[in-house]
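Should a chain be cited, it is by its letter among A, B, C, D and E, assigned in written order, with residues numbered from 1 in that chain.
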């Protein structure tokens, strides 16, 4: 180490050395050290070819090969669908041996069968299986969408009178038309028409109850999830097991618990806070569980990278782990919220029911949206039932809005950016670069007085040791 | 073994091959252009890969070697935004023709990836014959047994794993996993085997074994291998194509030909610079 | 700038260095044994890594190179079953001494992993100075700006990314990501930089850039690099240690010394076989 | 300690004593944590302990309250009696618990294929905007309040599904669970009431309620099936389904089981919807298509309002039984998930 | 005065009335929270001092109380009637393809149906009341409440009092105490009974399922537009629970006037069931308000003022709208007695006290009707009930009817052609109900066809809430559910179509040898 190392092995030499063992090189050097059993090379090895010489420099953009669905696939599905429908019609409408209500079911069964046959005629076994299961997957998706559509459709149709009233000719100004959202039922009796009354009281109740529940669950839930994922240990495993078991805690049991432990024992009256506590008990495990799952997906190498930079555990969690899964955590919170917002049984046991607006969560009954829906629907009057379903529909809308908000706040997965964001970030980058360059100039003008090096003092200290080490090895292979 | 490979015999009934009459497996890429969305990454690339020989694709990173390779067995389509123009003819048939089934193209043209990807839930045995299962080919136990041994022997893996065939494939070392993937591809008797940097994640010993495996396949299967390692290209291939993508332009083949010619006296300066390690 | 590097100043108050007085960063591993559970993977390994020089660790797969490297900055402890015996002295202080903070050991001894792992939630800018944030070092905006530029320049990345500093670090190419990780490690001014096969997932161009970066660090930071690539070891290192683990025995250092000597006239036959590509 | 020799052209071969002579045992390493880290660990474990305390409080509360009732009849009778009449000191959970399990099983049988199919559809078939829309739809479905499902089941589904129930019992009545007592095939007039308010209908509604949570768990694990393995299967000439069979499903097994167990847990505890739909009977009824069923949660919802003292204790005892059942299910689930591959591994 | 907010819960039977009053006083600035979660829950919460007041159909004690009910308030309380109403019997019965809306039932038949003695619609006991109606030979599905309910308590009380044998038989079968009414309908083991939760569940189920009958508050069938059974009173006339019919019947209630009894002012309804007035509806009853008679827990004098204000309003002004809601207003004598109970509430404020005094003065000393009670005409005796006096007599009730009823009516003919049933009590058919027949206005708009095999209706869902009449297809198929003609036909046709569509290509494929596959395929 007293003299600069002269390169004992250079890239080229190594390459050469290696090539000595390769048949290509062997042929080249005419000194074959290894005889490979190869088909004899063609008598005359062609020289290499430069294909670009034969091409235009700027060709017109050619069309592209259409890949994906072939016309055959599409026609098979369409044909089988048509045939299935026809057979269904024959059985139901024409022959009448199956009730017309079963038309879709019959047609579907025939469609699947006929499609399988069609595919079988032209394709090998695996393709038939593939197409069959594709249809099954599509069907599963369709069934799920259809059921949700039925549920929502039923709710909307059952509550349509409320909407109709809103659009009625004599409903008055915009404010009057929207009375359903800003009035309560305080002065509205069972005989009142739909032009009066609304669900403002329930909306307030829902917001306050879920708000209180979130104030408790978000910090507690996320802390616990972090505890499970980052601290660990035997106790953490026990907590995780308990929490997982608790995700299935029957909501009515949670309600009973709060009813006995809070209302009977302390408050002696129904109140919104007790309901919030019951919702909390139900939301906590859901939130912890989904947050825990998300946290466990953070690649271990990110944590290692953080630790290797000299960070403490807390810093790694706060600066690396949590930001990486921000969107996942938002989803966890929203899932918990959406679940808590729809809880009925525990709220019924703890918040009581009222038609009056109540802003005070600690005193007196406080209705929430799902509870109001249930209570409305329980009433005999058609107007009340319509209000009930309209409330349920409104609840769905509220949840939908929450989802949208969460997606906006939570953003996409860490590290992915949309096209719009990319443009913005590019602009920001330009700003940052300009700032850095300005800083650099300023620093240099200040620093040129002493050493002229474009480096902050700390960096100098770091990268320019006080005394140059003697015999610093130099790059060897240039 | 008859049922198992009867399909292979059938193929000989197909129209005569234009490029390669002696042996099946000749692969011709004709005027291929490729895009990701609107980003063009390959521009009118044509290359003929001789049946039974090893063709190496070399070139700096990002020049479209992987894209080209994936176009050769229709894996390119897996990426939603991807599109392409041109023809790929396997023994004369365009694999992109509407009458062609994507699955059969891929079965005929096997592929081995940079990162070994055996099916971790399956045993080594099952991994080896997983292609049969996936293609819906029925075989008796005895046929399967023979096939497993043959394929593992071809991939030079038999001796190392014959005592633990029923253990999960994920338990092997990286190099063994890679050779298991080669064995798995060989078991469906492909005419072509594509390899995308098969050794770049392996240690030298494993690399050596894989290269030996490639040697032993010569003459039986057409091999197309992408590699970053010039020595590897020189060691294993008989033909070579140099890809290059200049700044912000799509990738093209700058030069191709016999490997020794490419390394000994390339005609293009860029090829010469690249193979001599002056860039890339 | 005081706050920024105050931690460093503290370090100078520490007891005088024994091995290297001229330059900080001398790292000495003394009689290291390591276990995973009851499985011993390193047996009494001692090695001195000279300050400001590049030391390469070579050897076949599984011989304990990574384990050794991770012991050098206490990353080994992260694995629950792992344990060790021996001392690691940085400028004379045992980093495993009870009085030593694990975080300061790791800040002084940075690490770059085989797979580039920039923080996905951070921009390139933030990734570069993430070490400051993570170590709780306060700095003004201007200080950060200068540090970002300097670190990125050190890692030969500045010109490539200066126009997209606010884009997420995950959007860079593999080689760029790896250099970003190097820049990130350099930003906290470590005395030692450990690299575990930093180029094995990179293309030659990127490899070349990383090697250039390592060159430029020579004399400033002690570098310990694990590599599978003999030529790389030859190109970048001045010292070299050959690890080997015979069948079912823990890994040991068979031979170490100046790189040229190791490659030119190794004393041990196994070393000679290994560096000449006859095994491993 | 050996230092690298000072001469560059000589390498060193360290001496090792004979193998086995080494007696070094692992060194005890103390980690000195920063204050911030100690605080962090303290705060987060406090969070964990609080949650544990809350959860245990619920369990203890149930147990303490249930003791009185269980002690009054004895655990054996409590488990084997079908009637529910705490006033006369004659009650047990045989019928209610069986009903709960039956409803949950029906729900699972319906929901499992549906959510498997949907999650595979989302991860493997749907692309781009359609995929995102589907995910949102499933999420939205999870957020539909159970009271809405209950009302829908009562007022809409019941009337429309009875025909199917009838068909099933007519043609498959020879399978005991599909039999319906009192069904009179000779009577041309319908007797729909026989098929209403059944385990089957309650199970269907509960199935819809658990589909979203099962789907999202399965989707999560399916979507993490490594791209390398997927491409490996495709490159072997696999069809999409072949790839799913050989890569996605084995990889997602843990998620499937976990999701199923989670769904089962929720199905066991579902309250309002079941309460609205079933016609509670206190006799074990294995005929799932026949009217009359029961469930612990619905029983509590039905009776809590009027219960106090001993009758309340009896309800708590039922709640405790349900609680223990869900615990068992979840312990099983976490054991299975713990052993499987998906989720646990961070494929970087 | 400013009144603090109070809350109560209880009867869903009286829920609509309470809710109406709550809305009315809210307009006057008094806030009342009320949850109609059932009488039993009301009594329990009141006893536990969680609510300030409760509404229940039955008291805590006495033979009319539910023996299963163990809740008792530990501090003094008072009980007062607040609203009267009738238990109605809603049914869903298709006859000859359309919903039948004119079902008449004797009390005996009702007891038979609800105790499991009568299980088929064409049972002679039903047929005899509905001559000429082609009653279907199908099972009666009896829909009862599964939750604890005041409606059930009132109904079982009627069974216990009027048909003790049948009630005892029911109790013997299903397990209940024949000496007490019960809030939980004993339906265990009765195969044609179905229990549903809450009034809403019971009525929704009935409206959606044919051949069913239930019991519940009259407001529910009114709201859904469904018919209720016309019940034959002791006079032999068929009535429905309209306000006058209930009022007439309740004149026979015997009031517990023992002020020291905890059940002071509770009613013994034994005489109501058998009242011979042709206008009376036998299943009439009261609902009660339970109020604290001393301060307790969170209930202080200030809250007492609110409660008193609310109770006073309910008893006077509030009775006005009861008819519209399906209830019957309280007679003045009950109002006066109830006001005495209200005075026991701690903290009654001066305004309320003055108002109550004015009411009492008006009724007893000719001070007019400041209470504005609809049953009271100033100057009358408080026990006189205007509603009773003006209640219309049923059609077919001649002048003799005006007095205690004596003779067989003549006049309006029967709706249906009579079959010569010797047992028919009135040859000309029974007189129709007094006023506003329940579903008189129900439109026959929703026509549709339902298949007798599958039960699927073409316009399924139209039944719920539409008030429409669902027509069934009157075809009678012989034993259609076994393996018979249609099923065989189905299979044969299926096979035929299969062969026609799929056969040729399959044969072709087989003939050409299995090996021919698409080009490029080589598995």
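Throughout what follows, a residue touches a chain if its C-beta (ideal position, glycine included) is under 8 Å from a C-beta of that chain, and two chains touch if they have at least 3 such contacts.
Everything numeric in this text was worked out from a predicted model, so none of it was measured.
Undergrad: If you walk from chain to touching chain, how few steps can bring you from subunit C to subunit E?
TA: 2
Undergrad: Write down the chain pair with more C-beta contact pairs when A-D is set against B-D.
TA: If we tally the C-beta pairs in contact for A-D and B-D, the bigger total goes to A-D.
Undergrad: Between subunit C and subunit D, what is the separation of their C-alpha centroids in Å?
TA: Result: the chain centres lie 47 Å from each other.
Undergrad: Roughly how far is subunit B from subunit E, centre to centre by C-alpha average, rounded to an integer in Å?
TA: 80
Undergrad: Please work out the Cα centroid separation of subunit A and subunit C, and write it as a whole number of Å.
TA: Centres of subunit A and subunit C (C-alpha means) sit 37 Å apart.
Undergrad: As a quick test, compute the distance in whole Å between the mean CA positions of subunit D and subunit E.
TA: A distance of 40 Å separates the two centres.
Undergrad: In subunit C, which residues are in touch with two or more of the other chains?
TA: 50, 103, 115, 117, 136, 230, 239, 258, 260, 264, 277
Undergrad: Among the residues of subunit A, which ones contact at least 2 other chains?
TA: 1, 5, 11, 14, 18, 99, 101-102, 123-124, 126-127, 129, 158, 299, 301, 312, 315, 377 - these are the residues of subunit A that touch more than one other chain.
Undergrad: Which subunit E residues reach two or more other chains?
TA: Where subunit E meets two or more other chains at a single residue, that happens at 37, 48, 454, 456, 460, 518, 521, 523.
Undergrad: State the interface residues of subunit B toward subunit C in the complex, per the touch definition above.
TA: Going by the criterion above, the answer is residues 60-62, 173-175, 200-201, 203-206, 228, 277, 279-280.
Undergrad: Given the complex with subunit D, which residues does subunit E contribute to the contact?
TA: My answer: residues 37-38, 40-41, 43-44, 47-48, 67-71, 136-139, 141, 146-148, 175, 183, 188-189, 191-192, 194-197, 201, 204-205, 208-212, 450, 452, 454-456, 460-461, 463-464, 475-482.
Undergrad: Subunit C touches which residues of subunit D in the complex?
TA: 1-5, 7-14, 16, 19, 22, 24-27, 29-34, 36, 348
Undergrad: Contact residues on subunit C for subunit A in the complex?
TA: The contact residues of subunit C facing subunit A are 1, 4-5, 8, 22-24, 50-54, 73, 75, 78, 103-108, 110-111, 113, 115, 117, 119-123, 125, 130-131, 133-136, 141-143, 145-150, 154, 162-171, 181, 184-185, 188-189, 215, 218-221, 230-231, 234-235, 238-239, 258-260, 263-264, 277.
Undergrad: Can you tell me which positions in subunit A touch subunit E when the two form their complex?
TA: Residues in contact with subunit E: 83, 87, 90-91, 95, 97-102, 114, 117, 121-124, 158, 185-192, 263-264, 268-270, 348, 352-356, 358, 363-365, 375, 377-382, 385.
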